[in-house]
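First the structure, which I've put down as structure tokens, then a few questions once you've had a look.
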Amino acid sequence: MSLKAPVTFFLLIAVAGLAVFPHFSDEFYLEFFTHLMVMGIFAMSLDLLIGYTGLVSFGHAAFFGLAGYLLAIVTPQDEAVALWLSLPVCLGGAALAALVIGWFSVRTSGIYFIMITLAFAQMLFYYFNENEALGGSDGIFIFSKPFVGFGDWQIIDLANPTTVYYFVLASLVACYLLLTVMLRAPFGQVIQAIRANEHRTRALGYDTQRYKLVAFVIAGTMAGFAGYLEAVSTGIVSPGHLHWHNSGLVMMHVILGGMGTLYGPILGAFILGLLHDQVQEVTEHWHLVQGVFVIFVVLFLPRGIAGLVGRLFGRPPDLDLEENRVAGEDGNKVDAEPNGERTK
Amino acid sequence: MTKKSESSRRHFIAGVAATAGLAAAGSFVPTRFAIGVAAPVKVGILLPYSGTYAMLGNSITNALKMRIDQAGGKLGGRAVEYVALDSEMSVPKAPTNTNKLIKKEKVDFLVGPVHSGIAAAMAKIVGPRNAPIMIVPNAGHNGITGSLCAPNIFRTSFSNWQPAFPGGKVMADDGHKTCVTIAWKYGAGIQMMAAGKENFEKHGGKVVKDIQVPFPKVEFQAFLSEIASIKPDAVFSFFSGGGAVKFVKDYAAAGLKDSIPLYGPGFLTEGVSKAQGAAAEGIKTTLHYAANLDSDANRKFRADYEKAYGASANVFSVQGFDTGSLLLQAMAAVGGDTGATKDLISVMEGATIVDSPRGAWKMSKAHNPIQDIYLRQVKSGENLVLGVAAKNLEDPATGCSMA
Amino acid sequence: MDLTTFLIQTLNGVQYGFLLFLVASGLTLIFGIMGIINLAHGAFYMLGAYIVYWLMGYTDNLLIAVLVGLPIMLAVGYLIERFAISYLYDRDHLYQVLLTYGLILIFNELQKIFWGTDFYSVPVPSVLGGSVTLTETQVYPVYRLFISLICMTIAAGMYVLIGRTRLGMMIRAGASNREMAQVLGINIGRVFAIVFSLGAALAAFAGMVGAPISSVYPGMGDQILIISFVVVVIGGIGSIKGAFVGAMLIGLADTFGQVLLPDFASVVVYAVMALVLLWRPQGLFGKA
Amino acid sequence: MIEPILTTRDLSKSFGGLVAVNNVTLDFAPGRVHAIIGPNGAGKTTLINLLSGDLPPSGGSITFKGRNITRLPAFEISRIGLGRSYQKTNIFPQFTCFQNCWLGAQSRLKTSMKFFRPAAAYAEVHARAERALDLCGLTHRRDLPPAQISHGEQRQLEIGMMLATEPEVFLLDEPLAGMGPEESEAVVRLLNDLARDHTLILIEHDMDAVFAVADLLTVMVDGRVLATGTPEEIRSNAEVQDAYLGSGEGQA
């Protein structure tokens, strides 16, 4: 349950690399990496649900897009809105949505959980898709970047791509650390226990529904944070941000990268993003490449790229649903039954 | 689709390597393209090549390349390199794709898109930079040459208002007093229906019901029953692609076609009338193009296109073709100097595309074509011209500071 | 809304429900019996439509095209099960979601490569080309009624297959207890392969018989996918009866939602689903 | 007669047509070891599941220290002091033995909605987990995952997790199932230790063990209570002889 030394070392190098990257990068890769880091935060937040709590949410993009829309709504057309004001509003909105959706969803499990989260995300998608006041299917602009400062004194300028890059990098590191701390704290222990064996966790005296709900809200809020950053850096938000394709994409980042690790999803976002960047220029059949890649990873690297990294370092990953079942004939399967229902 | 530029790949890899600390910082030479007049002109294209609207993307790209090839494959004496990306009709991906074309590929011109949300995202990036010049070969959102208009954004296609507005008068002229409008509930649908309604009511008609179908739903049966129970004189409608095929077929199958004639902007039958078959026969639409326009330019264009790509040309390919013409004109005027953005813009602003298959048109102050809108009718699967529904129609360009 | 309109809209809703059931039946079969979330179901639907369009180029007979097309899709389903899905039975659902998502991407590209990006249509067979008069302005195409008939046949056929035949018995045994079924000498691998090909063929069949009214175009599978999942989940995963009731419910909710609540038309079906799941988290006819 | 700590009144549970527990009325005295025996399918495990809140009863009521807990969810029942172990080993396979006990121990925090302080810094939880591990005799296996310890040890861990929650009443579902004689002996010793200041409700097939630890026995057959009494009373009960001991002794 704790970070192992080689991974920490690797992560420090990666952060250092990202910190000096703008110095060498052209404008495109600067903004592209900003986007990938945002996706990394987004994927990490979903991993809190999929990889740590065992909740497979297929509607995570709802919070991502919702926060962006909220920023667009609170930003007046011709003046900037303070970050101190807009960020709490956007995060609060995402958290509230996650609370409502989560309250309904955590009662179900397995396939039903997947589908009900999808249903709620679709509802929000259609709400924005058909709301002409908010730009309908075309989406809506955020005309001015949030203002970071007091009075007339601006601390950082979010209109500058390099500044945004560092702002997002700092956010990524902060989210990573926050989740790391949370996962080591009692709360984190409980949600990991829920993923391993929810029934037993409840029998030990934990109100698992509440822990799942809180995890859902935290993940939704963090997804909202990612959506806020994306909206800030691109200045546009559209129903496509909430579309199930986006939920599917971030799920792909989590699983390809390696769920149950915090760096895995970030890795997934970067690898898939860079692969797209390169392949897109060679062939128009990017989807074919992507499809084959996805199937390959699912079949041959079930623990994702992080699993591969783990194997290289010669240690099994911390959490594993597939193989570490209790030995012996009485070994109790904690995994979902084939029909998707866990023991009630 | 694209030829990868070696230098920019190297650039990227060098960036990563340096970042990973594997390469000494000093060994890295920042790349700045030394664009001499001999270097090829880069045309970036962002259009859908997958999904429902891939046909549009292909038609536009094919005709654009055909036009430039016909002129010797050069723009202002320089060879042309195309960098085409699949927009995937995804607005969230639009900023990255646009940035890639502008900042990584450093294209000299940006052509795209089909989706107006993507157009807005592109305009948002391109507008404030004043470079490169962006040419919209389809997306009809009024705002692109309206409230979002910018000196370096041009459109060679239409504004949603244009093909729809004359349709209102056509219905009134045919003696219809009441009408139901039905379209997808999204930007293009709403703007086109509003334009049609405006003109229909100006000519004494009355829109009795405005049905908005959730986008991109294609199950129309409930709405058809609603229309049948309202019994208007006419129905004014906009759908495109698969939705257009299905709507027109369902409309006929519900028995409404003979009792309540169907009108609409030409996209209702453009490029899809073959798939619609008999159901489309007789439908009157208004558009800035028709297959049988009687001009040498059109006949040659259609023959060339058919020969090159084995498919019939449509309005989308015309828009791509004219995009090519605009580029040729502008680049010829500046002698291939893509750095002369101001001059390029002023040439394009004053441009008249004389040899367009759709007939001559000229650029408006808001950078949208001032063009004839034709009245067409489907006969044996072809959109045949009946006459001109509106001569030299100019978009009102509401909210554009340049107009 | 007067009575006639109400009745006609009810007919529309029921008919849409039949179409939905046709697509959802194969999904619930795979879903319920194999525990596989098959996102590629929409892609099979699309393939069915394209195959029929393609075969109609050789024969003008829809029936022949369907009869030739179905074995192709059975084979496609069988191969996919053997070479991909069969490795995932013990894995978490999300791997299935991901793998079948990958299949969507691949099939969409293959469709583009083989058939291009144009829009096509398949003619309604002339025998069924007529229509029934409903009101003085509206008629109802016979072909739509014919599809409803086919749906009822399929529903009855599946009911008999699952409930009354030996294959059905093996399928049920495999669904309820895989180890037990194996002990009883049932080759679960083969049963699952059969079920998956059947499911794929059912989806394709829906695309085939639906092609004359839906027309054939890129991306058509993605549109039908999510709504069929809604149907299956409302009905209760694995329940044929549930899929039927769910399809009717969604068909009617969608139809009347559009007419009565036009501003929330597309939200209605998802709201219905959320409400049903709140009331019965395992769906209307799902096993707890 | 001392005031019972846990009582059931007409407790029933049916699954469809099958009545698994049928009008069971029992009093469990504090500080006693109360064993429930009976042939397979007698409804013993279902009864435990009802007591622990794992299953909702179809009828009747359960009272714990004067409080009606019939409809309480499992986690609440655990929190008020009824701990349970499972017949089928039900542990966290990917955590170490210590972490398994830790999760039990942590559940006694007022709440685990604590997001920042590392779990390892909660000294009292730490101590409780170590104590439980020690009591169940697994200190030497502390940092091994369950997959690397023997089946009997997994059973001990199962009990250890329950111990870590420090319940007043232990609901033990066949704690000796699948254990070797030596392990059994250790666990019986542990049960005897626990019995000194706790209430134990025990299902067990090993009759030697049952008679060695139990103060009271309840015999269940077909979901009903056949008889309740001291080991001697049960031994000499003709009905029990007839229905169970006489015919089904071979269970153990």
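Order of writing sets the labels: A, B, C and D. Residues in every chain begin at 1.
Operating definition for what follows: a contact is a pair of C-beta atoms (placed from the backbone, for glycine too) under 8 Å apart; a residue touches a chain by one contact, two chains touch by 3 or more.
Predicted model, so just to flag it, every value in this text is computed and none were measured.
J.: How short can a chain-to-chain path be from chain A to chain C, counted in steps between touching chains?
T.: 1
J.: Which chain has its C-alpha centroid at the greatest distance from the C-alpha centroid of chain B?
T.: Farthest from chain B by mean C-alpha position: D.
J.: From the Cα centroids, identify the chain that ends up most central relative to all protein Cα atoms.
T.: Closest chain centre to the overall C-alpha centroid: A.
J.: Indicate the whole-number Å distance between the mean C-alpha point of chain B and the mean C-alpha point of chain C.
T.: 35
J.: Roughly how far is chain B from chain D, centre to centre by C-alpha average, rounded to an integer in Å?
T.: That gives a centre separation of 73 Å.
J.: Suppose each chain is reduced to the average of its Cα coordinates; what separation in Å results between chain A and chain D?
T.: 41
J.: Specify, in ascending order, the residues of chain B that touch 2 or more different other chains.
T.: Within chain B, the residues that touch at least two other chains are 49-50, 212, 214.
J.: Quick check: what residues of chain D touch more than one other chain, meaning two or more?
T.: none
J.: By the touch rule stated above, which residues of chain A touch at least two different other chains?
T.: Only 126, 129-130, 287, 321 qualify.
J.: Using the touch rule from the top of the page, what pairs of chains touch, sorted by label?
T.: Chain-chain contacts present: A-B, A-C, A-D, B-C.
J.: In the complex, go through chain C and note every residue touching chain A.
T.: Listed in rising order, the residues of chain C that touch chain A are 31-32, 34-35, 37, 84, 87-95, 97-99, 101-106, 108-110, 113, 175, 178, 226, 229-230, 233, 237-238, 263, 266-267, 270-271, 273-274, 277-278, 281-283, 287-288.
J.: Within their complex, state which residues of chain A touch chain C.
T.: Contacts found on chain A: 50, 56, 58, 104, 107-108, 110-112, 114-116, 118-120, 122-123, 126-127, 129-130, 244, 248, 251-252, 255, 285, 287-288, 290-295, 298-299, 302, 321-322, 335-341, 344.
J.: Touching residues of chain B toward chain A in the complex: what are they?
T.: Listed in rising order, the residues are 1-2, 4, 9, 11-12, 14-15, 18-21, 25, 28, 31, 49-50, 83-86, 90-96, 99-100, 102-104, 115-117, 120-121, 124, 141, 185-187, 190, 212, 214-215.
J.: List the residues on chain C that touch chain B in their complex, please.
T.: Against chain B, chain C makes touches at 2, 4-5, 8-9, 12-13, 15-16, 19, 108-109, 112, 116-121, 123-124, 131, 133-135, 137-141, 143-144, 213-220, 223, 254-256, 258-259, 262, 265-266.
J.: List the residues on chain B that touch chain C in their complex, please.
T.: Touch list, chain B to chain C: 49-52, 54-55, 57-58, 211-214, 216-219, 221-226, 228-229, 231, 241-242, 245-246, 249-250, 253-256, 259-260, 271-272, 275-277, 311.
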